[in-house]
Every structure is written in structure tokens, then in C-alpha cells.
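Here chain A shows up in two complexes: once beside chain B, once beside chain C.
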Partner chain A sequence: MDFQVRKDGESIELLLSGRLEFTDHDRLHDVIELLETRGVRRFIIDAKDLTFIDSAGIGMLLILQDETEQRNIKMIVRKLHGDVKRSIDLARIGEIITIEE
Partner chain B sequence: MDGSAALPALPATGPAGVMRPFSVVRDRVPADVAARAAARFGLSAAGGGTAAAVLLARADRDIVRSAFGLNGFLTVELTEREDGTGTLDADWLGAPPVEQGFYLSLTTGTAYGLQCAVLVCDELARRGVLTPERRGNIELCLHEAIANAIVHGNLEIPSATKDQPDGYRLFSRLLRERLGDGAVRQRRIDIFARWTSEGLTIAVVDQGNGFDTTALPQDTDSGAHSGRGFLFMRALARRINVTDGGRCTLLQFDL
Partner chain C sequence: MAISLAASRVLIVDDNEFNRKSLALMIRRAGLTQIDFAENGEDGLRKVDSFRPDLVLLDVSMPVMDGLEMCRRLRERLTHEELPILFQTALDSDEEQVRCFAAGGSDFISKPIKPGECVARVRHQLEKRKLFTDLANFRGRVERELKHAKAMQLSLLPEPKQLEAIASRYELVLDAHFETSSELGGDFWNVYPLDSHRVAFLLVDFAGHGITAAINTFRLHTLIDRFPMQHVPPSEWLAGLNLALKDVLPTGQFATAFFGILDLHTDTLTYASAGAPNPVVGIAGELRLLDSAGLVLGASRRAVYADRSLRLPRGGCLFLYSDALIECSGPGPDNGPIGQDGVPGLLRGAMAANRARPLGPLLERFYARTSLPLRDDLTAVWIARRA
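Let's look at the complex of A and B:
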């Protein structure tokens, strides 16, 4: 998995690309550090270029959800499609994570 | 066949000096590999030493793809080190497959990060077994089985680790520690695929301590950070069996 970061006022946008899977755990620490940015209120995960997510990757999204909640930051996942959407639907996490088209 | 180590021509991959590994043998499948394949998958022919095999040292993604391309039945990474192949026989041309299937055995150190499910599904597609429509679900199931075998099997990291406070840090630390242990890295991940016109069966086998298969989750707390792999497999495969005390996951799919 690779990611790029865009910061705009109170929002941080994380643009994920490639595959988010069990071998990516070491990257999670870097992402969580972004949440320490002063004044951030929204954390947007853009999945347009994400091609695959496994159950461990979904676990990482849920860890990010917990971490953002602890900091009163709103997390939104956007642009799910294809195999990524299939996995998210199977995991039934739509009640916990805010998903936008 | 004189047993000399002649190498078939293959595209150069990996760092210079590491490209020793390819050799293919007939009637020379290592006894422990043949015995493991026969015992776990009921392969009488492999046990008799007639399977065509590709033996590797220090595999990477390109090497595994090239090995598959030789159409051997067994593709076995003997070691992560380049000096472990021993005397090999390169008489592979025309060696018939034992049956409709193939067997891939990798060290954990290599399998981690190799995206084995992609490699196996690419090979199934190349052999005309997988259509694009079927591939996505099968690849996800296989990926989950392999990830479990690596992380919870051979690396012995409990699945509940991530649900502890700060569990993701602990999980990352355990991963680094276990992958840094040479003996653990040498544990094997075996993947065996065979098929008929109706169905595909894939077994994923590890060398970990196994687990209590009666405790497999039927459902997962929607907020839990782990435990969805088996739910995915149950939802997408025709059938899933866990045998060998939790060390073998057998996935069956319609074709």
C-alpha cells in the first residue's frame, strides 16, 4: 500500500493506492501520526486507487476509526469500488465507519 | 539422467549471483517434500517420486512465476539461502504433470510479502482454470488462508493481539521479531491446488502450533480489529474445512 496526504484547513485527506493487507501494519503508525496534526477535524480516506483490501486491512480501518474518535476527529471513507467494496460489504462495517460514494 | 546440476535458461532476476536456484528434477523430489505432499494431500504419485518438480533457493515473485511457467507439478523453495539446493537434475522437458494441479512450497520468509494468492491465481488463470469472473472471490479466500497460515500459524502471533489496547503496535513488534528469527522464517507454507471440470480445491498448510478449530468465530463483533478472515472464506467458498489441528485450511470452489 502507498499513500499520499493532502492537508486543507481542518481536513486531512489520505489517498490510498495499491493493496491494503496484512503486510502493511508498519505503515499504520505513520498514518496515525497524521492525526496528531493540530486543529484537524476531518480525516478523509480516498480509496479510488485502492485495488484490494483484506480482513487485516479492514481491521486497520477500524483501528483508525477508534483513533480518530479518541481525538474527536470525523473519519470518512470515500470512493470504494470493485474488490475493495466487496470486502467492505462482506465485513459489514458500514454502521461503524462513515462511507461516502 | 546423471544428476548433474545443469540449469535451464531463464530470465535473469534478482541480484547478480543469486540466480542459481532453478533446477527441475524428475524422480528426484526430496523425500521429505514428497512425503509431506503425499501425507497431506493423498498424492500417491508424488510419494512414489515420479512428480516433476522445480526446486528453488531464495525465491522472489519473478522466480516463482518463471518456475510455474515450467509446468512442473511441485514448486518448492528449499531455502531462503542460495546455497541450499544441492545436486539437481535439469531433465524437465516433457515431464507430465501428475494430475490436474500443482503444489507450491515456500519458506515463510519468502511467502511474507510475496502476494502468494496473486501468484497462485495468476497460475490458475494461465492454466485455464480461473475465469476473471471467478477470480476475485477465490483470490480473497486464498489470500486470507495464506495470511492466517503465515501470521497466526508459522509466526505464532495470536489473532486477538490487535484487539488489545495499543494492539497494532504490539502486532507490528511481534511481526518484526518473528520475521527476524531465522528458524521461524524457514517454516514452510505449502499451497496445493487441484481441479476438475466442476470444482477447484486449494489447501494451505503451515507448520505452526495449530489452534482449537472448534473455537473458530461464527460471527465477528462488527467493531473488532481481527477475526474476519474466516468469515470471508465461509461467505465466498463453497466449502471450507480446517484439518490437521488447525494447520491445514482446505478451500473448495465451484468452477
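Let's look at the complex of A and C:
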């Protein structure tokens, strides 16, 4: 997995690309650090370029949801498609995380 | 890292008595007291076996067998692959030094031997050896422990005899495959006789794999006994399990699960699913994927599960599996993951090879296109009602 970050006032946008999987767990720490940015209210995960997610990857989304909730930051996952969308729908992660088309 | 050299054993191999004595004197001053001697390579090989040195100080030119040959022979033996061998070379030439390394030498000291350099190099090699031995011991211990843990994990699964008995009691054909991607894994499955005409099947896959996921399968095993299956619909049973797992699992850890009850009197399979990969059901030769969407276990206390029912008459079959089957891939563009939609086709091909027990041919086809070791744990369960 690779990611780019866009900061815009109260929003942080995380653009994920490639595969989000077990081996990416060590990078999660870097992403969580972003949430420490002062004044952040919204955390947007753009999954347009994400091609695959496994169960460990879904676990990372759940951890991010928890971390944002603790900081009163609204997390939104956007532009899910293909196999990634299918995996997330199967696991009904939309019941826990806000997903936008 | 400074280690005590007193416990280390050094073998000095040199045909010149004066050299042997002066080398011994130098290293004795550095605290090395366990020293033995040999006069040529052949003698040296024997002493390696009887004296069991931690390091060999080896001369190059000797009668009977020279140092290079002795070193080569030692390196051919697995047990001496890592034994530090320090050559003493008379010629300070590049070519000679290259020959020492090519023969398997760890390092060399040029003659005339300087005491300070000699002791420093001996110490360096012995410290390296100690680190290596410590690491090898650690590795050995972890391997032994993992082996025991693996046996414990396998004991959570139904034994072949038990499977056979259940299959015959309910007139089923049952076949299962369980494989972890490392020593331990996060998959779990079992079959539970409920009464004279009902039998339940459970397949659970914890996110991730390895030790953490395996610990969760042990947690699960303890929890399952707390929730009787006899008198609740599958959805309710999964909901109970979800709450219990939510209490023990840290955020980010969860499990997918399929739990189904087959009723032989009504020919009905009733199941609830928590995001398990779509099972395949086969009725009258037609295979299709079952809906198995549902919030994963252990992620939310508010999770609600649905019961789904379908007819599974005699001759019908059900194929359950963990996501490794559809996510693992092999080398090259033609060996991409099978994917969810590829499973019925894979099963159809396997059933053409062995209609009653397609699991063997199915796995053969899977492994033919998949790189090993697997990236995730694989469980596959074939359940068929006899015609």
C-alpha cells in the first residue's frame, strides 16, 4: 500500500493506492500520527486507487475508525469499487464506518 | 559485547612446536585456558571431534594434510559449518588470503604473529560464535514451542475418526482440509451433532494469521462451549458469540464466520454468516454462491445477524472455505487469485474428477496455480448429503 496526504483546513484526505493487507500493518502508525494534526475535524480515506483489501486491511480501517472517534474526528471512506467494495460489503463494514459513494 | 573467554576451547594446529607454544602463550594471557594441539590437518580433524573446540587456529603449510584441506573437510560437515577457523598465513599476499577464504576460513592472522592482533581476532570470532549459538538456541526453542502449539491447535479440529462417525450417523460425506500459512493460524472449523436429525457446521477465520490469530482460535474454542447450539437459531447463536468476542478482542481484530444447521427431517439448511466468503451450494447438479454478507464478529456490540434458509435435499452439497482459497495467487499473469466468482467453476471441475469427494482434486488445482508458502491460512470443508 502507498498513500498520499492532502491537508485542507479542517480536513485530512488520505489517498490509498495498491493493496491494503497484512504486511501494511507497520505503516498504520504513520497514518494515526496524521490524526494528531491540530484542528482536524474530518478524515477522508479515498479508495479510488485501492485494488485489494484483505481481512487485516479491513482491521486497519476499524482501528482508524476507533482512533478518529476517540479524537472526535469524522472518518469517511470514499470511492470504494471492484473487489475492495465487494470485500467491504461482504463484511458489512458500512455498519460501523461511514462510506460514501 | 565482551564475553568471558575462559569457557572457550581453542585448537591450535601447526607442525612447528615453537609456533604452537608461542600461540598458546599469547591466548593464555588473554584468559583462554582450554587449549589443545595438533601437528597436521589429519591430526587436527581428529582433535576437532574429540576436543570439540570453539575456534581453530590453523597453519596453512603442514605435512600429511595442509590447513586448507583440513578447513575444506570441516566445512563439508554440517556440524562444523559455523566453527570459526583462523588461518595463520606466512605470506601476506592477496592470493594466499583469497585461498584461505575460499577454503572456508573465517579470518586470518599474518605471520609474524602480533599478540594484540591475534587476541583481538580470536575474541572477535568467539563473540560472533556465541551470538550465533545464542540465536540458534533461541530459534530451536521457539521451533519446539511452536510445534507443541501447532499440535494443540490441530486438537481443536475434528479428528478424522470423529468426522467419519458423524458422516455415517447423518448419512453425509465429509471432507476437510486445514492448513496454516505459518506454524500457527487463525482458522477454525468444526461440526457439532445437535440431535438425531440436526447437525451444525461452523467455520471461523480470524483476521490476520500467525500467533495472534491462533490465540484467538483458542479463545473462540473456550467461548463456544458457553453457547449451547441446540435451541437457538444460527443468527442468535452468532450474535452471542459476537458479543463475547467483542469483549475480548482488541480493536482491529475480528473474525468472519459461517454457522449453519442442517435439518435432515425438513431437508433444510439454515445459516447465519458474519462476512464469510460466499459458500457454494449444489442442488441437482447446479452450483451457486450463497449470500453470506454480515458484520464480522467482534467488531461491534450492535451487530445483528440474519437467518437464511434453503432446501438441501439428499444429493445436495455445501462447500465452505476461508478466503485464502480466493485470495492467494501464483507467479505470472495467468495465476491470479481465483476470486469469489471463480469458486463454482473450480468446484465443478473438481466434481468432474471426483463427484463424491471433490476436495482432493479441487486442492490439486488450487495448489497448481498458487505460490507456497500460502499467504494466509486455508480451510476448506466439503459437506454432501448422500443420495
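Throughout what follows, the second predicted complex is superposed on the first by the 101 of 101 C-alpha atoms of A that agree within 3 Å, B and C clash if a C-alpha of one lies under 4 Å from a C-alpha of the other, contacts with A are read in each partner's own complex, and residues count from 1 in each chain.
Everything that follows uses one rule, which is that a contact is a pair of C-beta atoms (placed from the backbone, for glycine too) under 8 Å apart; a residue touches a chain by one contact, two chains touch by 3 or more.
Predicted, not measured: the structure shown is a model, and the values here were computed from it.
In the superposition on chain A, A:22 contacts both chain B and chain C. Touch criterion not met for A:99: it reaches neither chain B nor chain C. Using the contact criterion defined above for the overlaid structures, shared-chain residue A:55 touches chain B and also reaches chain C. By the document's definition of touching, both partners, chain B and chain C, reach A:63. Once chain A of one complex is fitted onto chain A of the other, the partner contacts of A:35 are absent, as it touches neither chain B nor chain C. More residues of chain A are touched by B (comparison of chain B with chain C).
Once chain A of one complex is fitted onto chain A of the other, the partner contacts of A:89 are limited to chain C, with no touch recorded for chain B. With the contact threshold set out at the top, residues 22, 54-56, 58-60, 62-63, 83, 86, 90-93, 95-96 of chain A are in contact with chain B in one structure and with chain C in the other. Interface residues of chain A, counted against chain C in their complex, comprise 22, 52, 54-56, 58-60, 62-63, 66, 83, 86, 89-93, 95-96.
Considering their complex, residues 19, 21-23, 25-26, 28-29, 54-56, 58-60, 62-63, 82-83, 86-87, 90-93, 95-96 of chain A touch chain B. Contact residues of chain C toward chain A in the complex are 205, 207-209, 251-254, 256, 275, 277-278, 292-296, 299-300, 302-303, 323, 327, 339-340, 375-376.
Against chain A, the residues of chain B that register as touching in their complex are 112-113, 115, 136-137, 140, 143-144, 147, 150-151, 162, 167-169, 171-172, 175-176, 222-229, 231-232, 235-236.
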